[in-house]
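Every chain is named by a letter (A, B, C, D and E) in the order it is written, and numbering of its residues begins at 1.
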Amino acid sequence: MKNVRFTEMRETGQSYWLVQGLLAVVILLGLSSAYYMELNGHWVTGMNNQIVWGLPHVFAVFLIVTASGELNLASIASVFGKAPYKPLTRLAALVAIAHMAGGLMILVLDLGRPDRLIVALTHYNLKSIFTWNILLYNGFFVLATVYAWTMMERRLNGYAKVVGFGVFLWRVILTTCTGSIFGFLVARDAYNAAIMAPMFIILSFSYGTAIYLMTLETLSYWSGRRISDVLVTRLKNLLGIFIGAAFYFFLAYHLTGMYVAERQGVEYFLLASGNVYTWLFWVGQVLIGTIVPLALLYGSLGRSRVVVYLACLFVLIGGLSQMYVTIVGGQAYPLTIFPGYEVTSSFSDGQVGSYIPTIFEALLGISGFAVAAFLVILVSRVLPFVPATLVDSDVDECLATEATQSS
Amino acid sequence: MSNESTDQGRRGFLGTATATAVGLAAIPGLSLVALARSPDLAVDNRSRWGLLIDTSKCLTECTACTTACASENGLVSHGRPATDAQWLRKVQLKDKATGRTLSLPVGCQHCEKPPCVDVCPTGASFRRADGIVLVDKHICIGCRYCMMACPYKARSFVHEETHNQKANAPRGKGTVEACTLCVPRLDAGRLPACVEACQQEGHQAMIFGDLQDPNSAIAKRLAAVPTHQLREALNLNTGVRYQGV
Amino acid sequence: MADFDVPVLGDYPICPVPAIKPDAMKGLKPFAVNNPAHNTALGFPGALVDNWEEVAVAKMRELLGKYRSLQVFLDSCVKCGSCTDKCHYFIGTGDPRNMPVARQDLMRQIYRRYFTAAGKYLPKLVDAKDFTREVLDDWYSYYHQCSQCRRCSVYCPFGIDTAEISMAAREIMDAIGLGQKYTNEILGKNIKIGNNLGLPPPAIRNTLDGIEEDVEDDTGVVVRFPLDVKGADVLLVTPSADFFAEPHIDGLIGYGKVFHQAGISWTLSSYASEGANFAMFIGSYSNMKRAAMRIRDAARELGVKRIVVGECGHAWRVAYSFWNTIIGPFDFLDPKYPVPQHICEFTNDLIRRGALNLDKSANDHRVVTFHDSCNVARASRMGQVPGGQYTIPRDIIKASCNRFVDMASGTIHDQTFCCGGGGGLLTDDLMPLRVKGAYPRMQALRQVQEEHGVNYLAAICAICKSQFSKVLPYYKFDRDMIGGVHQLVSTAIQLGTKE
Amino acid sequence: MLNIRLWVARLVMMGALLGASGLTIAAEAPCKSAVDRGNAASAGDCQAAKEKRFEGRGGKCVEDEHFMRRNHMNLILHQRDETMHKGIRTSKYSLKGCLECHTATRADGSYIPINDPGQFCESCHHFASVKIDCFECHATTPAVSPASKP
Amino acid sequence: MTVVTLLYALLFYAATAILTIGVVRRVVIYARSPAPLRIVTMPAPLTYTGVVLRMVREVVFFESLFKSTKWTWLFGWLFHMCLALVLMRHIRYFQEPVWLGVQIIQPLGKYAAFGMIAGLLALAVRRVCVERVRYITAPSDRAMLLLLLAIAISGASMTFLMHTDIVAVKSFFLGLMYFEWRPLPADPLLLLHLTLVATLMIIFPLSKLLHVPGVFFSPTRNQVDDAREKRHVAAWARDPA
């Protein structure tokens, strides 16, 4: 695959400025929203003392999980020796960094005291899984950058495999810890489950592959660069497997929940009586996020690029729905402090928490995506991240070498 | 241990003071007068403060403890129940099986193994040597993970700018807070505001004291009658106990 | 083959940066003028003057006052090192003095010593030096190891252009009577006779007749190569190498066929039979003007409507960037056309208008790559948009052949590597330098040769063509690989099929 | 070679020019004293006022002024951690202690918040453009006003 | 009025005068010297607006350096941007009231000091460890890096380790500006910092720091690509009429 040439993506011409300008406006709106929320305090958001994490966290966690999945894609070539994916790795590393940055920006700007970011970076409680996450995020940036560097600097190509392996390990640990942010919460019936960690890893595969495919397709369409059908097909098939695996995991999660008496309440809430959460679960997560994309990818239409793109879009919508159900729905279900009692209080005890997101939270969340897109577009314009062309024959050649090597 | 005598003296005092206070509930401020722990000494783990709530004495309509808490700590309501801070709240219970109703105050349970402290990324949530779980607002970044983790929904996030705070209860926008057991009062040898208020009402539903001192009123009561921790199964060994739930 | 080390081409598309080898090229210098007439013809002292230090410093002061570039460039360098690995001569030789910043510093040392407070009082601290004979020798040596290709200026955060410094240095050396034989002798001919080769008009006519015969023999079509035709629409000014040298001459045939096919009347001029203008190499404004003025005079004399310049790098720089200023205004020409116009602009317009019938398959035996000549790529433009100098020649090539590939990015467009023979260094006394300097370009060429089977290196510069035909064999390439863009057009063009 | 005398002459001329423009500013300055210069000098002025008030309360600061101006933040920070985590509530370096001495009172005897414009903390912090984080959470007046003490 | 105050007042008047006069003189020289030929580095903008944009990209993002060497760009850019932040933060010492923008930048600039130090250290390491760069390095280049490092470290130390009386420092500088002298605290770190800064101001117009005005006058960057359309004859190159 030595023929694959990476070049700065300059073909976008004037539209580059237009797109970046629009993204900048979205980012600015997000920042203004964050400023507005900070200035007034969080009472202007939909979040409250019952639902403490809201839409910003839905977006942030989705982006962080996605980023990790993308980095996974980046390491496929190095770790599993899948040479055909090699031309995709640097872009995957870039996209991963960008999505991580977008997600973290949301998280930081939603803090009660974002001005104390320096505190978060200097005070560590190592017993906290959150602290681990902070350290892992920082390492993620470093490792992903070093990985991209080893791929782009000829003299360092030899280290790509080692670094790629490190990157792979790191991101597995990272997503395990991200899942554990919820998994370790003994307080709430919806969480407190070890399966959260592996489920998040599978979700990251699914989200990461989908969002990466969308990014790749968007960039190649925009710049007029040809990306091999063979490769897209392989990625598409991979995505299908991941969607299926994710489905398996949340089946396992909900089924065990329904079995354990302690958790039947919350399962009944999420799956049947939870109004918006129930809807989001069945329509968003199951139908749009799982069944439709599977049908699209494996159906007869699956060979069309547009259909693959749509399937990815549905995975994105399904993923956001799922995060909403998990994060907000999990909090909305009341704590069981007094089993066997009907509970009332002035502090919403015993009631389903109400959460109506405001436009500010939505804008902040969306601006996370905008930041990621802005970064990807900016960096791929000034550094050679995107393959100039990637024709089928390049991939075929690789597959052939792979076949001869393995036989 | 040069200051052993002082410490023991203090513990002895508080135990006595509490007992006396319980006995002489109608006389306000009795426990306030005498010497506290010397202000330049660090707290240690030889005492662990606890609170026992006797639900049989807690009246449904009485809000003396929560009102006292709010006024002692300057918790003003902005008329937005979902975001207003409540360190201590009155919870009304109705047994689904028997229909028995009861009422009790719930706030921070001051766990021995507090989940909020485990999850706090910066170490802002911490447990003082004498068992009080606190938020160091100087390093709280307002991530609210502790609120996710607390099994008792005991914590509040300050959702708006604060003004006219009480000198003894600093609180500010963007940080998380909860019952401090009125730690400044405690350090000065006074009872938490809620306990004092309950006494003043003559209800005697709250007993405060050192769980580790077998002679304290609370320890004696715990030894004498069955009491519960909320969500006992979590094994958090709370500092707040309930009688009659 | 050579009595010096020829760099070995490696696996990389771009050469690795060498370890420094101090003084590796210290001794190498081109012949100095030994016939005083070659200097005096250009207005310089015949030989090194006695009080040369004084004269040189005075000349430097004069130039500092005349050129903002020199003043700003001498002040602004922060030694960031950005340029250190960018010069093809450094990459090829490893001599640290061939790093642009170190080359500039030969002059900056003197500038500091004589013109700045720091250099006057603390010379050691700021690395300032007296203008000694030894320094002068270094000047002569290293300022003649710069092809003024401006690649360093692309990467300099302050836009410092070593070409400007080396031009000033050569002008100062000329001012004290230390001229370079090759450049000054040729420039003298250009100014006196009208072309670098010293060809008299009959010789030119003679060779054009020969070309006409050859074309007719090849194609069966009579294509005229007019000389001194008054009232023609176009005056073509092309490097005189196009009249004699291989492969240049095939380019000239290409121009003729294009004019013929487009039906545009054109002419060459025996009075201004040279596009090249070596005065640029020695920074001599007045001589550059003298040489260029012949072209203006010829255009007036012949009454043409437009001037078209043939394939030549530095000639196009002088024409594009300087003509209007030094010999303008061209108010006597047809204002519809840009003055001057590059032959590639001219041909490309015709191709886009469908005026030429090109059979791409005629070039099917060729796999073509394009060498951006430095003076075209970094010092001038073609067409109406920035970067037209990169797209227009490629568009012509793609219209003339089926198989075209670019060399590695970072070695093309504004980042192109010099052929190694520009800036007045195309002389045999500098052969080791020329071969080593071509190394980065050869490296990039080797990559496309291996990966795509490239067998034709197209260039639009007479110096590039001459240099490559000499240097290619050192790197085990076929010397016939090099050719012009219009040579491809010449092969592809279908004469007479469109009337 | 450089002409030193010419240089000196140029320098003198430039210096004169600069001096003249400086004088112009200086001459102009008193005119706008109500706004700009007033504020420029305010640090010194209100400092003096505060010191008087402070002495009126009888006593001096816990450390000398030279030290406090440079290190008050460290003292407060240290004390904050001691109090927060260890329950050490000595008053020497406590924020409450600062408030008790340095808070000014209005004519009616009520306290003026110490972070109000022109007050003890705010005046210098504003002058130096340094944000005070303390009063995001902490009370800005002493707990009990002298008049209402039981 | 202490001796220290007097000394530093004079030092800063002198340094400011030398800096201003020196740079203005240079700028005048640059502006006055003719640019007789278009020597712009291609591809170049065709309009003046384009040139302004190119200059902005060059000055704000260091476009050419980025194209050249990513590491040098990274460290150089980091250093310069952090320096800019730090300088903006220092504006508060010279105005009352302080602009809102400066107030906002103020806490940010605090940490920029670390970026500045990191950038400078990396550049210094590069000067020592990269053979080519070591070759072109003169003692003055090393001295300049050390001077900037010393300024950054002494400044950051006052922010993070040993505070000085910044209210008095500000009074001193406002006093200098209004010719109404007020005492300068004689803290050793402060005096060191100020001495180094004054040194930098003094050598600015005599050193390679002239790249600051120089970059704006660089003909290869600031010219419009219009040679075929316009004539640019310098006065000295004009034919005698």
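The working rule: contacts are C-beta pairs under 8 Å (C-beta built on N, C-alpha and C of every residue); 3 or more make two chains touch, one makes a residue touch a chain.
Small disclaimer: the values here were computed from a predicted structure and weren't measured.
Visitor: Treat each pair of touching chains as one step and give the shortest count from chain D to chain E.
Guide: Minimum step count, chain D to chain E: 1.
Visitor: If you average the CA coordinates per chain, which chain's centre is most distant from that of chain C?
Guide: With centres defined by C-alpha atoms, farthest from chain C sits B.
Visitor: Per the definition at the top, count C-beta pairs in contact and tell me whether B-D or C-E has more.
Guide: Counting C-beta pairs in contact, C-E comes out ahead.
Visitor: Please list the single chain whose C-alpha centre lies closest to the global protein C-alpha centre.
Guide: Given all protein C-alpha atoms shown, the central chain works out to be E.
Visitor: Please report how many Å separate the Cα centroid of chain C from that of chain E, as a whole number.
Guide: Distance between chain centres: 38 Å.
Visitor: From the C-alpha centre of chain A to that of chain D, how far is it in Å?
Guide: That pair's centroid distance is 49 Å.
Visitor: Determine the centre-to-centre distance between chain A and chain B, using the mean Cα coordinates as centres, and give it in whole Å.
Guide: Distance between chain centres: 41 Å.
Visitor: Starting from the mean Cα coordinates of chain A and chain E, work out the distance between those two points in Å.
Guide: 42
Visitor: Quick check: what residues of chain E touch more than one other chain, meaning two or more?
Guide: Those would be 107.
Visitor: What parts of chain C, by residue number, touch at least two of the other chains?
Guide: 117
Visitor: Mind pulling the residue numbers of chain D that touch at least two other chains?
Guide: Residues of chain D never touch two or more of the other chains.
Visitor: Within the complex, which stretch of chain B touches chain D?
Guide: Against chain D, chain B makes touches at 37, 39-43, 126, 128-130, 134, 136-138, 162, 164-168, 170-175, 183-184, 187-188.
Visitor: In their shared complex, at which residues does chain B touch chain A?
Guide: 78, 80-86, 89-97, 106, 115, 118-124, 139-145, 147-153, 155-161, 173-176, 230-231, 234, 245
Visitor: Using the touch definition from the top, list the residues of chain A that touch chain B in their complex.
Guide: The touching residues are 38, 40-43, 48-50, 52-53, 107, 111-114, 116-117, 119-120, 123-125, 127-131, 134, 181, 184-188, 331, 335-338, 340-349, 354.
Visitor: For a test of understanding, state which residues of chain E touch chain D in their complex under the given definition.
Guide: Residues 17, 20-21, 24-25, 92, 96-98, 102-103, 106-107, 162-168, 170-171, 174, 177-179, 182, 187 of chain E touch chain D in their complex.
Visitor: What residues of chain C sit close enough to touch chain A in their complex?
Guide: Checking each residue of chain C against chain A gives 12, 408-409, 451.
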